[in-house]
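Each structure below appears as structure tokens.
Okay, so chain A shows up in both of these, paired with chain B first and chain C after.
== the complex of A and B ==
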């Protein structure tokens, strides 16, 4: 081998250089001035045709560095729409009436109109995988109840465009855990799996009161976007929605929690030693620092039992009335109460999946496959009819490790 | 044809005049000694110490010389030489010797009375430090030798003189410590120096051109410094320094890559700070070579790699710019080089005008006029500033920056990557006097790594770099130990 290399050094070198020159894909330069940077894509169906809406950064407005006029933000973005029988045709329809070539690499959000989602999305997703421009990590969201382009007109208070706006609020996921953070590549991971039905994000347009008195005169109402909840798909068409709380439970089941709040009723009548002055309707919030879910399948006599073990580390975030957190017993009671709440959230979601949607949105089939491959071989074909029948057990372990920087709530310290 | 010195003073005078082609700065002075012999003193104006000549040579001869044979015992001058041929006189005279002819003697005396105006030893302009010795070499080789000798007070410090240059007869001198410098390197250096044929040496750079390993590369494989402490540091590691009369730049060989990133102050400050500085310099090296090319590649080929928000503001900023990114970058680099060059050449008293105008051209107006985007200004300015952090390789950086820029502009990141690969291969293939240029990474040497990026304290550097010397133990004087 060494001899061969020595002999044909030049040939090998030339081969390596040539192949790398010929096989490389970075050809064709595009100047930045000729590009229309797309920040969000919306897909809708109009009859049998696809309607694509692109949100494009308008570079002709003064830059954010130099602008002093407040109006500059209003024409920061422009929209372009195109129609066609395929998405690509729709995209190529745009340059016929738009000045520049679209550049998709910076679109972080793909918004699907509700009708589009109901009629099945996968047939139109091909180009987003096939083409080299679109990112694979763009967030997929369904526009709840409306067309995609209706959502796209809404821009946040601070973000420059709807694309940024949706992207930013999805990135806020770690603060609440009440939405779905589903990127396209992950969607396909779920989609390819036989047992799974994907859940993707939802975006809803809601009206917001204008608080600013100055602005009230010009715009009496303003729309904002809300991304709580999730859209359950069956194969690739929209089946229904998970609500805010249900998606919280969903994230617990699928080990997707990165943070969030568990709010529950402060347990009444704590044990004798633990001082509490609780009334009906008092609430406690516990903030999650760390969450881990382990799921196990037990099969006994042909019956499938799903064990969901949730491990949480949390801190006491807020206490609306008064508990004495200096007392360890009180903490234990709070832990128990919060774990009960998590159990409730999980079972509510499981119930909806089993009874209403009657399909496995939680990739439980995958666990069966991993842990009991021989059983899975037999049942995989009619998993969706088996799934609603399986029983499950939820086990929540929660550790409240922090109680904040005060010991005793102010209303307990106040001397009567 | 050999001309012997005659016993006739008038003939000697004519001969001397003839040798020096009647040059106006040849001074000849005739007087009578005590013993009533005619004597002729000849010297070159401006090269000798006149009061020394008067007091120590002429005065004793006039007052005390009784016999012509007693000349050497009469005068008060240490360095004296007797010669009998005319050829032997002319070169020493250009070094500041005084020639003395005496009637009836077929010999002449040469006295070392050299003294001339020289720059005082002052802080080196190109290598300034906050802490540590400030003095720098000057143009006079003898003073430079003294500066080195004053730091290394050791009988093993050797100066080895050569005369190079057919017309200029420039003195150069190798400096090394016997027993530390590697014999092979020394022999190789001597061999290369003896092969120099040139009419004149104006700077050590001339010598560099003749003795370097790879004359065609842009990367310098011979170090140079203006500071005696730096030169001594290198001599102590087994390198050989080369002094040259007429220039304050001292060469050191062999040179390895990391020497470009070393300064004297690294060793005078705490090692942690030294590490920080080394990393900073590596960063600066990469920035100054790669940044414009990399940026242009991103901007024209790989817009998807730029963070979205940056791309948005970039798109807005360059909306009015009519040029492609490559032209934009070339334009900025042209501005930068123009300003650098004019700043270097301009007389001090009108320098401010250039500063103001260039600051405006580079900073704001170019952007406002829509010639370039503001980020391009930042990119090129950063590359320009970084260049000055590695003064030893400035020439290379400017050229390689352009190469990488063109590669990036035409081929994208692929071109930049190719450029980096070729550059790296080239670096690794270089050698300086038998020492691999990328030592101590390739070949790897654990001891050498102590003076690489992750600098250790001087206390822990117990060994000299393996590639430079055979005498590795740093803190032991083997010669002295043996004698004991």
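== the complex of A and C ==
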């Protein structure tokens, strides 16, 4: 018995010793200082090859820069490029001339050059879905009019890199609703639908005057990025773009609104007899708190009618015209005017989809499938030729539920 | 060691064994009709599961002092009974191999990408064999501790991904599939759920042998609720088709979780939970295989057979993972696999039941004479 206990003790001791040597994660470990942490990926085509550009953060300088001023963050970002017949080959081309192995787990944005997007993207997406490092939550954007790497050199004012810059402004989606918040996984969720032609984000380089007096001396202008609008794809290649307003309408149609502003011309005739101080403006802005879109398909005598019902709850954000917003009737008129504006936005987007792109970017076919499966079986193959011909009706209901911390606008004198 | 097994312990064990079948490659989503109506087949599979388990349940109730190996020997006679018992031993071993292979594939492709598969297999099999060597009591007691944690975290994962869920993807209901498709799917699903076996082997050790049916019905109901939850959130979170493109759909669903700026990149937590569940499953089947051979060879003490089975499971897994990979064949379950499951789950027990019914009088006589125990 003693022998057995002694034997067990030896085994346990050997196990602990072996574990402490073998399981320290030293074998095959990847230390922070040996990794090139990629924060943004750009894809372009050069001839028949893929050109990948990676924005890499230098962790050793990044930590010290956390406390320094944002203007000095230029040294913590480097770019590496590689070429290959496949994206993976292009990635593995980078370590041939770049001194660290790329690490993709922290990349947030995938920027597709316009030329790349025009030639088709799906064949090059496989690696981002197959490999365990890249995240499925990568935002996909098309670099409007330029190569992806041209966008990647543009930094924001506060973000430490272009990748974070784009990521941060996409995350601001809930404040404007005028861009597309499309991740790679979202893209593939609807990609396989027979009817759906995807819409992904877009990013554009814009020149801007430098305001800072210190910096203005060296560079009077600088580039910023703008993500308003969306890129319409035909299956997997770029077909065209939706403008800022059109993508706002698109988000209304697809029930994608999380917030934003509706700005419209204030109806005339509301200021009769009012005592106005100074000049009055023309516009009203209401802020969306809640939005819900329901889409229903009616089929009568073989004709498809799409009903788009939008319900909004909003607050009065700004009133430049001297109208009495304390009056409930005025509020109703404003509600009606704002709903007209939303109808205009939706109609403009639908018209572009039907008349210009001539394809279903709004998953309307899927609604037909869900609500009229028997009809869908017959028409699904010809959907792209049917979609431009369908009629639609937009119904928008807006409730303005708050007017802010003042009642009437400051340019209207209160009588009592 | 004559440890008794409580109903709760065995219910937990069956639930976790059934859920792990779905948590890995989620073969359910490939089953007929392979579309948004999969949730219907999951519900319907309850009836087919009960139906296909009737012979085993009946025999387990009749011979509640015997394991499946024991009563097969009584019914079919010594030679044939032992032969069939050995087949069951092999069957349990193959299930252990299948799931250790799936575990290795998931571990090596999702996080330990640079670790040698041999190392992962060794650690996994050593742990499973060690737990098995400690007996069913230890396994069930540790299960009683870990399984509720696993189940709770599953619920948490399902809810944390709520932002990605689009329930409209489940529409239209029962329009793209027909009655036949749905029933074929339900039968297929009921066949891959083979986890009545832990119950058939543990029966003699059950505290309350009168409630075998109740234990099984409860296990099936609870596990189907979890299966339903996991499949629905995965399909509506990833999309019906994209889910099929993923080798490990629920892992992909968890990777996409991003909630309250805190809960993101939490797949490592899921992986720990999932590995624990897989260890319980593999251990169960290694133990069942070991018990089968132990009973066939009438060994009372712990022999080397457990280590031999463990080594065989490990070596075969290594062969399948490194020498002759078969990943592509795992996901959509092949007809031959369904037949394999059907033979062991329903056909052999059904034949045994028929033979028993024919020979009932002689059994009753033996029972009266006291030769039956």
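Observations
Everything that follows uses one rule, which is that the second predicted complex is superposed on the first by the 361 of 416 C-alpha atoms of A that agree within 3 Å, B and C clash if a C-alpha of one lies under 4 Å from a C-alpha of the other, contacts with A are read in each partner's own complex, and residues count from 1 in each chain.
As a working rule, contacts are C-beta pairs under 8 Å (C-beta built on N, C-alpha and C of every residue); 3 or more make two chains touch, one makes a residue touch a chain.
It should be emphasised that the depicted structure is a prediction, and the values quoted were computed from it without experimental measurement.
By the touch criterion defined above, A:108 reaches chain B but does not reach chain C. In the overlay built on the shared chain, the residue A:185 is in contact with chain C alone; chain B does not reach it. Contact comparison for chain A: of chain B and chain C, B touches the greater number of residues. Of the two partner chains placed by the overlay, chain B and chain C both lie in contact with A:135. Look at A:327: by the touch rule set out above, it reaches neither chain B nor chain C.
Applying the stated contact rule after C-alpha superposition, one finds that A:349 touches neither chain B nor chain C.
When both complexes are overlaid on chain A, the residue A:160 reaches chain B alone and has no touch with chain C.
When the two complexes are overlaid on their common chain A, residue A:195 makes contact with neither chain B nor chain C.
Of the two partner chains, neither chain B nor chain C is touched by A:361. Common to the chain B and chain C interfaces on chain A are residues 28, 135. Here chain A touches chain B in the complex through residues 20, 24, 26-33, 35, 37, 39, 57, 59-65, 103, 105-106, 108, 133, 135, 160, going by the rule given at the top.
Of all residues in chain B, only 299-304, 308, 311-319, 321, 324-325, 374, 409, 411-414 touch chain A in the complex they form. By the touch criterion given at the top, residues 28, 129, 132, 135-137, 185, 188-193, 369-371, 373-374 of chain A touch chain C in their complex.
Every residue of chain C that touches chain A in the complex is listed here, in rising order: 109-111, 113-115, 164, 166, 168-169, 171-172, 175-176, 238-242, 245, 252, 255-256, 258.
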